[in-house]
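Same chain, two partners: subunit A is paired with subunit B first, then with subunit C.
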Partner chain A sequence: MLGDLLKKAFSSNKKSNPFHEKSNKEEIQIKEQKIHSDLEYSMTIFKEIYSFPDNKDVKFRTFQIGGLKKQACLISISTITDIKLLDEYAIQPLLRNDNPSFSIENVLAVQALSTVEYNKDAIYEINKGNAVLFIEGYTKAYSITAANFQGRDVSNADNEIVLKGPKEAFTEKAASNISLIRKRIRDENLIVESAVISKRTKNELFIVYIKDLANKQLLDNIKKRVSSLNVDSVQNLALLEQHIEERKLSLFPSILYTERPDRASAFIEDGYIVLLMDNSPDSLVLPATFWSFFHISEDHYLRYIYGNFTRGLRMIAIFITLFSSSIYVGITNYHTEMIPPDLLLAISATREKVPFPAIIEVILMEFAFGLIREGGLRVPTPIGPTIGIVGALILGQAAVQANIVSPIVVIVVALAGVCSFLVSDISMNFAIRIIRFFFILSAGFFGFYGMTAVFTAGLFYIVSIKSFGVPYLSPMTPKYTSSKDTVFRRLLKNEIFRPGYVKPKDMKKT
Partner chain B sequence: MEDSKGKIGIKEFIAIIILTIGTKLTDDTTVILYKQMENAAWMSPFVICAFSILPIFLLIKVMNIYENKNLADVINQLFGRFFGFFTVMILWFLLFSALTIDSAVYTDIISTMYFEKTPVIMIYGLLMLVSAFGAKKGIEHIGSVAWSVIFWIKLSLLAALILTFMQGEILFLFPIFGNGAWEVVKESSLRTSLNAEFLYLGLIFPYLKNKKDYKKGTWIALAIITTELSFSLAAFIMLFDHKGIQLMDFPFHETIRYIEIGFLENIETFFFPFWLIASFIRFAFYLYLTAILFGSLFSIRNFEHLLPIIATLVVFLGIIPENPTFTIFKLRESLLFITTPIFIILPFLLWAAAKLKGEFKNEKAKASD
Partner chain C sequence: MKKQKHLIKMVCLILLVVSLGGCWDKKEIERNAYVVAIGLDKGKEASLKITYLISNPEYGSIQQGGSTNEPPVEIISFETDDLVSPLYKANAVIAKEISYNLMKNIIVSEKLAMEKEFIRWMYDTTKEKDIRRDTYLIFTKEDASKFILENQPKLETRANKYFEFIIRRGIATANIPDSTLHRYLRITEADADLFLGIYATTEHEDTDQSNKGDEIFAGQLDTTGKTNKTQFLGSTVFKEGMMIGKLTAEDTRISLLLSVAEKSPPMLISFPDPNKKEYRIAAKITQLKSPKVDLKMNNGISKVDVFLPIHMDILTDHAMENYAKDTQKREELKKYIENRFEKKMMKFVTRTQEEFKADPFGWSLIARKKFASLPEYKRFGWMQAYPQMDVNISVNITFGDFGRQSRLPKLEKVRD
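On to the complex of A and B.
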């Protein structure tokens, strides 16, 4: 299993293509052509391209334009287009018009109208949900913006829950996500650039930043990396994240993934760059440092003392998660003298009947906890409580009574498990949970010596990694001018600097 | 996005110095001081500091002439290629010996005080593995790690010292001059090479963000190291008295075994990890310096690739002594005695050479331009 994993991690797809594929050269050639003035001909082409009438939701509405006395055809995909809008503001005005000298632009009462000249552009517009109007004798077509994709409305954040502060979260519609950001930053310098990042599906990516804040080099770097993708389809940001990150095999995430528009806006206002996409109820923030994974938005919404109190708790929780199990292994195997004798006797009394060495015991319990956690996540809601009962009773109570594990191990592992939930970012959460196993193993081999060795090596690693050129532990080390928002935050009136490591064009916030 | 160019700021610089030289108070260096000076040993750091001020001052003066040259380049420039090569060779040899001997001592500490049953080669191997990994990351990251942990390491040391002072007996410090004031000065001066690392700091001079930091950082670090060493020496004496302490090999580790907080009677394992982190960083830095020196001796540009080899060599040389507690102690003392004159004289020679060659005038001319 492990060998397979390693093979998968280090192999690449650079071998020559062994597949026999059918060439679609002809179709590509047709798509590259300009729009033909012969409406009949154009329609034949488009009907073939869209496999009409097999393709049920592609509609070809042919009619005669009043006044002009010309045949016209409106192509749209009915499931992603606003039919009512098309009918009322495009088809009806054209049909009822009786003025022979008029321009199409003035009759169509729609919000946005553009012209296309090539077949492929027309196809792109249709696929985007717009309707394209072809007219007899015209070598161009009109694209009417009428996209209407189905999706859910803005709802509460599910993963990054706060008690105080806004509750909205991003949804799968990029347009409404951008609207949520614009609602917070009413600035003409807020730029929403778009780029097509995949070849076949033509997924659109939105790059959001403030023009006079975001560092140009960083922006160019991101644009370059995004445009150099060579893939057929990138469905959402979670996949894009893996395409553009620098260290794909690193344990630590280097791009922040947040579903909260308030958080994304706060980052944009600090000079960071945010990526949005359709089908992603979230945003990517880059560059990211260790601290951005450690913080949550509520730290700043709560009053100074309360916010820092939760920060302190969270930092302690990270250490408990990382070290509690391994400290138990280390102490019971190597450093028994450090526990007060009474406690030592109590521990050894409970361990008396347990047949396994401490490290096996701990790994067993950690594994069980991991299973419960993963199982609880995937279980359908109606049978959810079962997991709780099975987990608590069978794996906790019964395992102790059956002398498989000692009660103190249950406490230690459960404590670590509970504490791991304080890190709300899912990537960092995984990183910490995986690192915990390294510490347990090292404690099994070398006690505290091994743990410290792993810790020091890990520290060397974590200071050396970078996210888009930004050191992971900055601004703590190496030092940059910033509001010093690291483990603890400062009073709002003292947070006057944007983070220097992002190299914003304007450093002072006041 | 401009990448930081592998340079360190003053905070990281001071943190590195404190961790490399300051950690000496936890090994058998203290015993070397106690041996002759007994309960007046706590004064010797000040004497040593006084003796090292002039060499360090001259060194800083010479180093500041050149912008982007490290110590080895400066030596080569001032002494010519032939003598320069020999001087750098001697420096490298001393550093390599210090690295081997010190790492053997630290391995000995870990294996005698904490892990009696673990094979020595495993302990040694892990120590060097982690240090080599750290060194391979480069000076910038050694500095970053040093800075991010120094607060906690010093906090743990402070806690240990406070507990020691609380449980110690102040009268053990008297008679105040121990074997006599002259004895203190004489014996301390022979061991001035305790601060010899300051000489080697010239090697990382080009890696400093701001050249003024070199001067400032060095003096601040020297002051901190001297005070903390002195306080620790006093604390150990107050706990064990001058007779008891001479029977020990590693007073710091005996101390943290001896002290207790409330219901916790054995708290050495609380201090052990902090001390270990400091040691890892210390050897990472030593390894890095050794590699730089070796690189400049034989003009190897990518000296980082030497690190695994040097680390392996150190492990195999370091485990040779059969009875490390005594053999290494003797070796270490001799090394200190040998290094002292070099540490004191070399900066003088450098300064004199620079003066004779008129390098200072060039600098002034440059400054006035």
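On to the complex of A and C.
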């Protein structure tokens, strides 16, 4: 019976096409056609495609080209185009021209000009914010680069904050992001390739790498993977990350997501490949190892000793986050002889009046802490401080006074919570916070034995996974030639190798 | 579909494993009653009378939700035949599960320790897994149950702290020997030396203290004031797991000085001034190296040569002799002390040879090295051979400093 139920629950719906879809075959056919020499006809088509009178920001500017005495039409979407530029450098020169024998290319005083021959290409250009000039009798159209999308200016990094070092962060404009990288790497070998990765929205992806460093195989692998996407739209890199990663259900992230151009450039210089996209104030770095999630850029900006001090703190913090709650559970349930007598008695005294078993107590507090954290994240700024005070007061003070939890549990959970913030990468942060629950459960069931077993199994797993062919814990295990920048970094003068696991074309940095 | 089926099977199996395993010896920390010390006495009907000193975790806690008006300890005594079964029997009275996790002290009455059967019960401690080998063994003049009841530390809030502090301090000052369960079992099983246990009592004994110095046992130190009655001083002597005698504080110190098993802690001692016998000199002696013990064996009588280097700081000079200034006086003092030490030590060694017929110094460890194989050593029989041995002790004193200010004024000048 149970089997039948499960079968039913998991059997797929086999009815074909349950949706009432409408074919737009006709429209597709029109788009596939070459540009017609009859301007009138073309304009009718385009007005239909863009639903002209309804679609308010699509502009059709019809005029006669001086000298040539020919009708022309400039199509643009006014909200994403630089109208002033079009007016001054495209329309006015064409209107004022009186030389009958001239080429269009020489009159248009714009920065970039290209020709398109198919309707669909013209549409693509218009959607990108460019203006397309159709001329009577021409079977091609001119695309004038005049895109002007609205967006933020370059501002401070919000999530990867450093005290020492550059403060700029990527914005939602890919062009300015590329500019930020070019500013740091003035190298003709820095390549910015673009690829269209979605079918309907035509989102453009930029693949940034250094030609004589990045491994060809890795590059081909990535290109293959992004070009084989079969989706209508990929709005930004956060979504793209989930499309191209290898293990979609794995707890550990396999692509690094950073908003700092200095960090992205440093990776590019080591032979990694960086992906950029419009609408994404960040970049994806691939391949990624455990260490790239563990490090922050400030580790290298700070002097050797200070940088390593923070690295040490961070490593300890990871272990505190992972184990403090579970050690508490394990000790209070199984290994009471392991703690100093006074602590044992203190824990015992405070636990006396608490109604729940230790594991429930800890999970309760962890849950409450998680709630405060998520709640605090979404709370509007004006009431932000309030929730902190309320959370700390109610959960810390009142819960202890009401004997719902013991004060030591508050300390243990708060310590773990604070330590979890030291891992600044959000994906790794989540991974560690989730793994913590596995440890708490295993400690509740089996004590330290269970924790050791889960830790060992976790190590097996983390050693086995790969990100774009690169083992997750390399260069520590398996060993590769590298600058040995793992838990601790070395002196800058000793960091002479690029990481061997990305197989760069040039290994030595000097 | 097939993949999903496998997945479901796997998940179910893993869940089953979780429900099968684990939680066997899970004990919530607050559901245990923590025994700090157990007392052992001779029982009237059963073979033992056991006393539990149970610490109240809530007492003395200033944490929120932890403080209480309950007494600091709970004490319960009853008769039993072994050390393991009372764990459950006590639950007729004690509400929580008895736990030996904090148990660091076993208190045994002298009377029980002198029983021939004593060793049988001590081996119970090796059976119960929660009893640690570093548990201290304390032997009391009175019944252990009475000792536990009468012992009322004034400033240490918790009983476990009191025992830990007073024993550690006692060992550090060489008032008592370092006597753990492990050492008791080891020495008993090696069957060559004597084991020294901690001697303590709450009973005060009126004795004439004048000129006895350190030749006293626990209970013989006169104290007045408002303090705990308990005294930890001196040691008990065990041969083959059975108590056969007691050592005063001084004898305990001598045996620590002569011991080769480990270095003795620094000690503060006093002795009469060689020049003016009515005044005493206080000194601090430090053992820089453990004594050099040389064993020579001829068929028949063996000879033991002990060389004991001692570093000595003179702390007082009531006779106003100014030893720091005068080389000759210092030489005299050195000779006098060496002589005095040698005499005292020899006296003690002779006593161990005649009275105990075994040594508490761990010299058998040196003797072991002299034999090629263990059977040979066993055939030799250290314990049997020891009483006949010719022991020769030589002490070498080196002086350290003579107090912070070494020079003293001339008394005649002050009193002119």
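Going forward, the second predicted complex is superposed on the first by the 493 of 510 C-alpha atoms of A that agree within 3 Å, B and C clash if a C-alpha of one lies under 4 Å from a C-alpha of the other, contacts with A are read in each partner's own complex, and residues count from 1 in each chain.
By definition in this document, a residue touches a chain if its C-beta (ideal position, glycine included) is under 8 Å from a C-beta of that chain, and two chains touch if they have at least 3 such contacts.
Everything quoted here is computed from the prediction, not taken from an experiment.
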item	value
Touching partner for A:446 - first (subunit B), second (subunit C), both, neither	both
Which of subunit B and subunit C A:344 touches, first, second, both or neither	second
First (subunit B), second (subunit C), both or neither touched by A:292	neither
Which of subunit B and subunit C A:265 touches, first, second, both or neither	neither
Which superposed partner A:457 touches (first subunit B, second subunit C, both, neither)	first
Subunit B versus subunit C as contact partner of A:198, first or second or both or neither	neither
Touched partner set for A:476, first subunit B, second subunit C, both or neither	first
Touched partner set for A:333, first subunit B, second subunit C, both or neither	second
Subunit B versus subunit C as contact partner of A:358, first or second or both or neither	second
Interface residues of subunit A shared between complexes with subunit B and subunit C	331, 334, 337, 446-447, 450
Interface residues, subunit A side, partner subunit C - complex	6, 10-11, 331-334, 336-337, 341-342, 344-354, 357-358, 400-401, 403, 406-407, 445-447, 450
Subunit B residues touching subunit A - in the complex, by the definition given at the top	1-4, 8-9, 11-12, 110, 114-115, 118, 122-123, 126-127, 129-130, 133-134, 137-138, 140-145, 147-149, 263-270, 272-273, 276-277, 280-281, 284
Subunit B-facing residues of subunit A, complex	215, 217-218, 221, 287, 331, 334-335, 337-338, 340, 446-453, 455-457, 459-461, 463-464, 466, 468-471, 473, 476-479, 503
Subunit C residues touching subunit A - in the complex, by the definition given at the top	1, 4-5, 8, 18, 21-23, 25-30, 32, 34, 55, 57-58, 61, 63-66, 68, 99, 101-102, 104, 130, 132, 158, 160-161, 164
